[in-house]
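Next up, some structures in structure tokens.
You will see two complexes here that share subunit A, one where it goes with subunit B and one where it goes with subunit C.
The block that comes next holds the complex of A and B.
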């Protein structure tokens, strides 16, 4: 019975949260920039509109452009199912660290191919930048998850993020979890092409990364890509917030938190991540493209520190 | 069965010798196919029980008899070789029909038969002398296959560099084998136990020789020269199998039952990780399609070496289960890489004969002309990028798991953290490698098959022959099938350390997605949707083949990031009255070399050339000088004799 309820709640949050997050970010940004902005529900309307629009495709586009959007959506869905980004996500077998990372790779592979498919230089440059960023973010993501896996002694993410073993929390545990939270949040900013790396709202296609890659898509295929994007965002933010919650309850004073509080915290954590993204996008400008690798170097350094701390803690 | 094998190979050697230009390629390829099937059969038969085969008295190698040993490890490699050879034999007739170098086809076929025979014998040789004999045969026949085109400068250079690399490898191997043979008073591999500290120098020599053959960093430089020069089916065999014979030898001599010192294992681990990063980085910036594939072989050999080193390390730490896991990971990655790399080389060969160019900057838009080749190439790319649920992911995952498990290995409490940190760094390097691989292969596939043609060469291409497509389809099918079964193959070797991997579930999920997509698009077509329009061009008018992203500009950000290693330079020259906003002329030039070749190999080569020039003065051509040399050496020898 509890299993059924958890699956139902998980399905509900999987179908609502991603779009709510997008809506929250854009409406908060509008508020802080002294605009009225659209309502929080705007992404639902937008996807509905896209779904009923006529689909146009480029004359150069091959079957890759037809195959890519469903594959991207499928891999995003698999990631959302296999990653414990909510404390009440149903336990599935085989939610392996490396599997999740390579599912990210799968969606990237098809995004880049689809961008090269139209033969447009705009999408091509977007693809080149996406490839460069992914080369640098991959080690950060792997190492930050690895530091957690070392502490747990297993690469099964369900075991890593289970709430049983943080009971013996110490200073080192707090450090490991908060370093992982910071790294995953930075990786999320880069991977989702958010502000200090990429500005999704400029008017010039050549300056963008993700938006310029998918410029040739419209209608139903664009809707699929947008849904996949929202799923990826909620998964990554969810992972970061799970890490933050673990860091919190590893503090001895807060140790005995009831599960219900944790469940609520895990949703609040994702919303807090969205608020943080909106804050960053309101108060910071986009970095110059040549400065972006430095920014990613911070993420990699943090993840290495995390691994070092995990090894010091005598994990595994 | 052995008699049939010998008969086939003799037939294969005799037919082109007797009637050089009359025998059709189809007949010869049928003979090769038979031979390949026999190799597979031998491998399958020998898997359950070990067999020893000793040739009778007249066949004797001076110090040791000809002995072949068929055991589980050999039979795995035999089956891989047989499969690749079968695919290649289906592919060759179509390839030779359109290839320019057909007059030499008799020599080509003889070398090819010898090459396959030698590779099959290397992996079943039971003693060092038999091994070395066939190793030499393999090196020479492959060198002759690489030296197909001696008229061009690049062809001669490739043949020279490859032949030099094989000589060096054999020299190291021979010295190491002699030392081993002396020490153990036996040439049989089963008597060799190189774990004694006194045997470290010869072990290192043998490892050096083998890593030259395998193409490990920093000895990989022959690969990017040899592969573009060799015909594509030969490249497929060389990259798919020949470089793995070195891995096989490392497994046989140093990993299977013995344990070297952990220091050697850690050095190999580092070299493997560097090879992986280096190979994938250079694959990303290459212009020639076959050079891309050659550098990615360096990367994969690096990955395999990482697994081998982990196995060695675990064995010397006494953790047998982990050592077995890492060894199985290495063997499975050998098989998987063999299959998908052969597939990619065969696809590259089809592109080569249909467009007569391998330069990415002249290709493009081939997907419309060669749809099946495009599908198969992209399938190969997905495997080599280790995307789940393909076989590349399965074996790479095993490598990751063995690395992760070895984080917990400890010799003494004091040295645990540094080595664990090293393993963590290696995992980081592998993650970097996988990012580089995805970038490199999406670039290769995108530049060759997607977009618009970049030159007339690719605008008028046609699809490859049906047999060639069949050969590639077999390999691609194997890739996907191996992906599903690889985790259970690991269980076949009694490995109980692993978490479960839901690859079949993922495969079914993606299949359903594709099916769903097909139904959706058919429904859309019935409704008459799906208008085709020009790509968005910012209102500047329509695009042509030149207004696309070029291969150089795709990899430019990465090349810029890694400019200390790639020695990447870009000089831009912008002229005009108002240069900033309305330039008259923009000229941009980039240059790229490799740090290793410019600052290590070139000085060495220069040293030899200069020393040669100076030594040449000795040969003055005057009899008086030579008489003086004779006198000097006589006096010198007398002095030495008196002193001793």
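The block that comes next holds the complex of A and C.
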């Protein structure tokens, strides 16, 4: 019975949270930029509108353009199911670290393929940049998850995020988990093409990355890509907030024992991530493209430090 | 291996030093230097809690007030005055510099293992780590070697000084109070003089790139 309830709650949050997060970010941004902004529920309406629109594709496009959006959506959905991004995620068998990373890569691969397929120079431009970014950011995500896997002694993400390892030793644990949280948050900023790397609100400019790749899509296929984007965002932010919660409960003075608190914290953590993204997008400007590798270097550095700390901890 | 609280802060200082070598914005460099020095002060305060000798508390206060706040504000004022806010080109690309700094942290870890044991083992665990001290010295050296503006040279020098301070705290439980304060005064005066010299360089050459100061002029 409790299993059923937890699955039901998970399904509910999987279907509501992603869009709510998008809405929260855009309405907070509007508020802080002295605009009134749309309501938090705007993404729901937008996706509904996209679904009822006519779907057109360019003359150059082949069957790949039809295949890619469902594939992107499917891999994002699988990732959201396999990754324990909420403390009450149902335990799915085989939620391996590398599976999640490759699902991540798969959705990116199909985004790039779809961008190249539509034959527009602008999308090709964005695809090339996305490929470069993904090469640079993947080490950060893999290494930070690996540092957690080293401490847990397993690459099974259910075991890594199991809220059971306080044995490795207080302060070092706090360090490892908080380094991982920071890395995954930075990776999320880069990967979701948010502000310091890419400006999600620019359209039809040569500076953008993600928006230029999907510019040829409209209607139902655009809706699929948008849903996949929201799912990826909530998964990454959820992972970061799970790491932060683990860092919190590893502090010996803070005894957050009851799971109910942790469940509530994991949703608050995701919302806090959204607020942080809105803050970053209000106060920072987009980096020049040649400066982006320097920003990514911070994420990689943090993950390397985390790995070093995990190895020192004698997890192997 | 377990990490004590003061080691946590000492390694935190190194991490901020690594971040410092990851940006060419001089004001961000200064901010990160200030945080790093603040953490060094916190390590000293933690050592006061362990050893219960009041001189460490005063030392922590002076370090935080003079080095973390005073020198950073002075250098920020210098930057505003000469209107230079970023380091032009560096010798080493920024991402590579950051990764070399991590390598240096690794080297420091292995070096620190070979050091002779400090006098009092129980206090040693509370005094930060010699490893962080060595790493800060190495990172400061790298910072001075790869940057070109005069202000960066000063920041690199100050980072090295932090490293030496942390190292003595860990290995010898700090120097006598008078010596420590004398060093602080020296550093303060040194930074003041260097700041004034930076003004003069800017005035006569209209840049503060130290690599171009080799050629003599009429």
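Convention: the second predicted complex is superposed on the first by the 309 of 316 C-alpha atoms of A that agree within 3 Å, B and C clash if a C-alpha of one lies under 4 Å from a C-alpha of the other, contacts with A are read in each partner's own complex, and residues count from 1 in each chain.
Everything below uses one rule, namely that a contact is a pair of C-beta atoms (placed from the backbone, for glycine too) under 8 Å apart; a residue touches a chain by one contact, two chains touch by 3 or more.
Because the structure is a prediction, the values reported are computed rather than measured.
In the three-chain model built by superposing on subunit A, subunit B and subunit C fit together without any clash. By the document's definition of touching, of the two partners only subunit B reaches A:102; subunit C does not.
Once chain A of one complex is fitted onto chain A of the other, the partner contacts of A:293 extend to both subunit B and subunit C.
Contact with subunit B, but none with subunit C, is seen for A:118 once the two complexes are overlaid on the shared chain.
After superposition on the shared chain, subunit A has more residues touched by B, the comparison being subunit B against subunit C. The superposition places the C-alpha centres of subunit B and subunit C at an angle of 90 degrees about the C-alpha centre of subunit A, rounded in steps of 10.
Contact with subunit C, but none with subunit B, is seen for A:313 once the two complexes are overlaid on the shared chain.
Contacts of A:304 after superposition: both subunit B and subunit C are touched. In the superposition on chain A, A:185 makes contact with neither subunit B nor subunit C.
With both structures placed on the common chain, the touch criterion links A:177 to neither subunit B nor subunit C.
The least CA distance from subunit B to subunit C in the superposed model is 9 Å. Overlap of the subunit B and subunit C interfaces on subunit A comprises residues 293, 300, 304, 308, 312.
On the side of subunit A, the complex with subunit B involves touching residues 54-62, 64, 66-67, 70-71, 73-74, 78, 92-94, 96, 98-99, 101-103, 105-106, 108-109, 112-113, 116-125, 127-129, 131-132, 134-139, 141-143, 146, 149-150, 153-156, 205, 215-216, 220, 289-290, 293, 300, 304, 307-308, 311-312, 316. Subunit A contributes residues 169-172, 174-175, 293-294, 296-298, 300-301, 304-305, 308, 312-314 to its touches with subunit C in the complex. Listed in rising order, the residues of subunit B touching subunit A in the complex are 364-365, 367-368, 374, 378, 381-382, 385-388, 393, 396-397, 400-401, 404, 407-408, 417, 420-421, 424, 427-429, 431-432, 434-436, 438-439, 441-443, 445-447, 449-452, 499-502, 505-506, 509-510, 513-514, 516-517, 520-521, 524, 529-538, 543, 547-549, 553-558, 560-561.
Note for the complex: subunit C touches subunit A at residues 1-5, 7-8, 11, 15, 18-19, 22-23, 94-95, 98-99, 101-102, 105-106, 109.
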